[in-house]
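Right, one structure below, let's go through it.
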Amino acid sequence: MILHSQPNLRDILFTVQGSIVPAIIGRLAVIGAVSVIAVLAANVHPGIFARISAIPFTLIGIALSVFMSFRNGTCYARWWEGRQLWGQVIVACRGLARASADLDAAERRDLLVPACGFAAGLAARLRRQDEGAAIAAWCPGAETARHPNPTDAVLQQLGRHLLALAAAGRIDGIRYSVLEGYLAQLSAAQAACERIVTTPVPFAYSLLLHRTALVFCVTLPFALAGSLGWWTLLPVLLVAYTFFGLDALGHQLEDPFGTAPNALPLDALTRTVEREMLAALEAQDLPEPVPVRGHVLS
Amino acid sequence: MILHSQPNLRDILFTVQGSIVPAIIGRLAVIGAVSVIAVLAANVHPGIFARISAIPFTLIGIALSVFMSFRNGTCYARWWEGRQLWGQVIVACRGLARASADLDAAERRDLLVPACGFAAGLAARLRRQDEGAAIAAWCPGAETARHPNPTDAVLQQLGRHLLALAAAGRIDGIRYSVLEGYLAQLSAAQAACERIVTTPVPFAYSLLLHRTALVFCVTLPFALAGSLGWWTLLPVLLVAYTFFGLDALGHQLEDPFGTAPNALPLDALTRTVEREMLAALEAQDLPEPVPVRGHVLS
Amino acid sequence: MILHSQPNLRDILFTVQGSIVPAIIGRLAVIGAVSVIAVLAANVHPGIFARISAIPFTLIGIALSVFMSFRNGTCYARWWEGRQLWGQVIVACRGLARASADLDAAERRDLLVPACGFAAGLAARLRRQDEGAAIAAWCPGAETARHPNPTDAVLQQLGRHLLALAAAGRIDGIRYSVLEGYLAQLSAAQAACERIVTTPVPFAYSLLLHRTALVFCVTLPFALAGSLGWWTLLPVLLVAYTFFGLDALGHQLEDPFGTAPNALPLDALTRTVEREMLAALEAQDLPEPVPVRGHVLS
Amino acid sequence: MILHSQPNLRDILFTVQGSIVPAIIGRLAVIGAVSVIAVLAANVHPGIFARISAIPFTLIGIALSVFMSFRNGTCYARWWEGRQLWGQVIVACRGLARASADLDAAERRDLLVPACGFAAGLAARLRRQDEGAAIAAWCPGAETARHPNPTDAVLQQLGRHLLALAAAGRIDGIRYSVLEGYLAQLSAAQAACERIVTTPVPFAYSLLLHRTALVFCVTLPFALAGSLGWWTLLPVLLVAYTFFGLDALGHQLEDPFGTAPNALPLDALTRTVEREMLAALEAQDLPEPVPVRGHVLS
Amino acid sequence: MILHSQPNLRDILFTVQGSIVPAIIGRLAVIGAVSVIAVLAANVHPGIFARISAIPFTLIGIALSVFMSFRNGTCYARWWEGRQLWGQVIVACRGLARASADLDAAERRDLLVPACGFAAGLAARLRRQDEGAAIAAWCPGAETARHPNPTDAVLQQLGRHLLALAAAGRIDGIRYSVLEGYLAQLSAAQAACERIVTTPVPFAYSLLLHRTALVFCVTLPFALAGSLGWWTLLPVLLVAYTFFGLDALGHQLEDPFGTAPNALPLDALTRTVEREMLAALEAQDLPEPVPVRGHVLS
């Protein structure tokens, strides 16, 4: 995730890092080249281009704006929901710590350390990294490897721990239901994260918008070259920058758990869980928060 | 559901599978033919076409964009809600497994195996396949056939099992309420899925948009033929592709539990439930996850 | 509610039933007549009409599209929420059946039969039919007539039944809270349905849109007649069809519990509740589901 | 709240009551006068006006439509949420009645009569009327006057009553939690209503839209007068009616608890609570429902 | 937060305080200067400017409106959610007071005074002020300083207090779960506020809109100067005012917990919590509500 103060005039003009420009520079170059061809052609055969009507471009431009706005809204909603779900993970872990404060240190450790393992495993799972290793760093002996869903296996183990505490009379039925409620929150957050990762925006939808935007930007210079001459480049590139940029940004937000600069800072969120769980366990040396490196929080 | 990486330039230009083009190729051909007629007519009687104003097309085009965007947003919301509901099914099944971990193997099997039957029955019900057979594969002796809603009958049977466990003192009242809460989640997910299947977007609405889009695309070439000549084909087909494509895609998403390529992968989701429930029961041979065949997950 | 397969080309061109055309045919005829007058006048005094600028029509047309889209979205949301609430009624009744499965037959009948009465009473209440009679068909001796809200009186009676069961030790406190939770769901669904029925979209809002749409469609032919001649009729009627049709459809969806063809199928939903409750009571002859008559489910 | 049947043609043309016209008649007159000046000036100096381009008006008109639609949607959402919250008040009061049905008459009266006081106090608080008096009418001896929030003080008193009932063994812990849950619903509804009343839509936002709409409508006649002559008045007034009307309507809906004709009928909603609570207490003479006076329900 | 009555005509024309103008006056001056240059250049070389087509400006203007509306809606949603979360804080604190009314004065003080500390700490944390000092003012001896999240440490301490009350038999298990439920609400509100503060709208998105708006407004005068002459200034400044104003306002709402005039009144909200908790503790001298100073509530 990119952390940046409100951009001033210089930022607006020159910022590259955090901008979407690097992701679309190739396509912009293609459109620029097409524009040059269009202007050259218009200078040679001005008659042809005078006939091109602007109406269809206005029509398609408006339709594109409306539909791309819908797609962008959808992708942003996925990204924001992803962040909400990780907030829910943090809330549930804090609840586990709060409602287990009177247990023995060992009993509590068996509750809060696996919670760290859950967060680490979920982050690895969502990023398609080594889920088992991430969990094993916190739960060394856990037999999660053979489970089809290792991160959920951590929750199942936590559930067994709660049942054992209840069976031993360490917590009563009500407290069991309160703590199980926090596990249910973690489980719901996990399944919703999995939904976002495994269910992209329908492919036909993205493809339709990609195609329309591409044809639109490729043909636009031919409509403008007749009247604008070399000035054609300015509006065409601005339009292409806007449409391609929003398209590329939507694509980055569509997968909020990836490693693109605009993706969610799962490392930092996992570290937050770890620090607070270890503090609840009165650990002496807490790991440092994940630092921001060059405006990017990973 | 179609799983496809971010399309590159070649994909954008040539991808057919996963595209919406096959669903609308007939309508595009009609519009193409009408465009040819319009251009030929404009060449013969240029005077008539010069009078056609572009204003009504801009007006109707904008109105169409706005309303089609609304319909698309609605259909997408149905599709996404369908996926959320199946996520809820998965969460509730995991919760059943977690909160029943200290029961006997047989008691637990009577809880988790019917959960698989519920998922299989729900998938068959939503796809209008043989619901009873899908359930019977997991619950052989279940008398669900005579029930007006066999899938709910599985839940009713699970509810009786919980009441029996409580009556036998195997679980206390609180645990009963926790487990019953997960059944209630399954029931809510089922009823919401049934709502989506049985309640289409109002027919008059779809019909109105179909009609307006068709008349719009059929008359558009006559407005452009006078000034664009044979170039008319390009914008008309692009506009028709966009509007018909979004219309067809909206229609596919409207029924998220169907068997169109963009429909939800109910087979894969059901298999996920089965694998995790069987793993919780410590079954030896888990069924394989449903494979992706040619970018399509069923 | 209209159930219709995806319309094919013939449906798009000729379907009347389920279409919104019958509701707006009068207004369309008026606009057609005005258009004829405009064309005749333009032929007599062509000078006047040449001056009419198209700009204000574009402006107002876009504003109308945006605001009518908002109103339509709002009305659709009311309709869809109405359907969700009836789904909640079904879920809660299923929950009552599930969590009462171990009671005596008589105790259970006193729970599930009034639930049918609740559904029937709610449907009658929302359609402003004879609420008392609908309830009395299921709860003959119920003294609900003098209650200001007979349908809620059924819930109050169910609440007393639960309290009596708890007082008699037939259910413990936890089970009481589970069952009361389902009554609370029914109560919430009822109050939300009442909200939709008693709180229309602000009248000034509908009036403003009606007025703007009418003036827009009445004046549009005068703007087009000068350049389009008799072709004026085509775009004017298409625009009027779109705007009036969406307006009329929005009005139908605004009251989702009415008896318009696009209204929700309360009869069928009530019947679903009845069939499932009677099946839970092991009744022998279940009433048949409500049939679809000519694409309409009532 | 205005209750009116679907407007027919005469209503659309002539209805004043319930219309937004009275609220904007002054501004419309100003715009009309400016239009007259513009036309006169255009007749005197036709050359000046011919130069005015229509492009910026289209641009600003579209932008205004989009942003005003957003503001209107926001204000409508506040209004609708206000109605939902009062529905929640009704549901919670019905729940209090339902879950207290087996208490003594006096115990129950101390629960349900203060609930009426809560509703009356909340209505007065939201309308900035005499909150203390409204509460005292139902809870004569209540020491709510010195509390910073008298309506919440009623809830606090109800909470103490529940705790006393539990301490006296009249209700068990579970029932306490069920009844406390209904108090929590009332408390949440109150706080959300307070949020709507105390947190207007950001002032800078309303001001920006007011200013843009005003300058737009004041300058529009100068753009049209050159070509339309006296016909300028028709589109300008229609545009002004639409934009000012939506602006004024948005402002009315922004404060849903006020006393404007389109505000929510708090009197009627409070009366609904009173009637149902008194009916639950088996009172003989229920107050009449609030009548609709001249299409307005207060 | 700015509290202001509905602006009248004079307010609309002259209000500065609460307006967004001061935040964008610099950019408006730049655009004004560019416009003057454009008009001067158009007077010298009229031929160049006659060629500039209006089509791309309409296109980009519409796209900008649609996307800026999306960004504004998103920022407003953050602001409104922030206010909802503080309403949730108030509701939870009231619930703590209500459900603890029968405890000893000291026991209750240890519950409600830290609740004030929580609210004060959360406000300081969200405004990046001295969180520890804000908490220490209410919880002098609290060892929250070494905790990675001091405000959550207050909640953890409250949780331990509840567990101690339950262990001492002062509250039963059910009451513990009710009170813990209110702590969970506080915790959820805190985490959601932290989410809003730490997760800005994706930077690339803001940058893209800033850039497009700037280039659009800088080039617009060149498109209009040829036909409008010195009148160019009026529409250009109006367009710039609208786009820059909405952009700046969106930026202010994006961080709802800041200290900009349109930010949420955290001081007043915290004071509301303090006053009501102290009133519940029957304190004699309640602090005064935060006054509105010059239309601004801090």
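In order of appearance the chains are A, B, C, D and E, and numbering begins at 1 in each one.
Convention: a contact is a pair of C-beta atoms (placed from the backbone, for glycine too) under 8 Å apart; a residue touches a chain by one contact, two chains touch by 3 or more.
A quick map from chain label to UniProt name: A, B, C, D, E = Bestrophin family protein.
Bear in mind the structure is a predicted one, so any value in this text is a computation, not a measurement.
A.B. asks: Mind listing the chains that sit against subunit A (Bestrophin family protein) and also against subunit E (Bestrophin family protein)?
C.D. replies: none
A.B. asks: So subunit B (Bestrophin family protein) and subunit C (Bestrophin family protein): same face meeting same face, with over half the numbers shared, or different?
C.D. replies: Different-residue interface.
A.B. asks: Can you compute the centre-to-centre distance for subunit C (Bestrophin family protein) and subunit E (Bestrophin family protein), using the mean CA position of each chain? Integer Å is fine.
C.D. replies: From the centre of subunit C (Bestrophin family protein) to the centre of subunit E (Bestrophin family protein) is 38 Å.
A.B. asks: Using mean CA coordinates as chain centres, what's the subunit D (Bestrophin family protein)-subunit E (Bestrophin family protein) distance in Å?
C.D. replies: Centres of subunit D (Bestrophin family protein) and subunit E (Bestrophin family protein) (C-alpha means) sit 23 Å apart.
A.B. asks: Can you list the residues of subunit E (Bestrophin family protein) that touch 2 or more other chains?
C.D. replies: Touching at least two other chains: 57-58, 62, 64, 66, 69, 173-174, 177.
A.B. asks: How would one label the connectivity among the chains shown: line, ring, star, complete, or other?
C.D. replies: Drawn as a graph, the chains make one closed cycle, so a ring.
A.B. asks: Take subunit A (Bestrophin family protein) as the starting point, go toward subunit B (Bestrophin family protein), and spell out the full loop of chains.
C.D. replies: A, B, C, D, E
A.B. asks: Residues of subunit C (Bestrophin family protein) touching subunit D (Bestrophin family protein) in their complex?
C.D. replies: Interface residues on subunit C (Bestrophin family protein), with respect to subunit D (Bestrophin family protein): 51-53, 55-60, 62-64, 66-67, 69-70, 74, 146-149, 152, 155-156, 159-160, 163-164, 167, 173-174, 176-177, 180, 183-184, 187-188, 191-192, 194-195, 199-200, 202-208, 210-212, 214-216, 219, 251.
A.B. asks: For subunit B (Bestrophin family protein), which residues are in contact with subunit A (Bestrophin family protein) within the complex?
C.D. replies: Touch list, subunit B (Bestrophin family protein) to subunit A (Bestrophin family protein): 1-4, 6-7, 11-13, 15, 18-20, 54, 57-58, 61-62, 64-66, 69, 72-73, 76, 79-80, 83-84, 87-88, 90-91, 94-95, 97-99, 101-102, 172-175, 177-178, 223-224, 227-229, 231, 234-236, 238-239, 241-243, 245-246, 249, 252-253, 261-262, 264, 272, 275-276, 279-280, 286, 289, 295.
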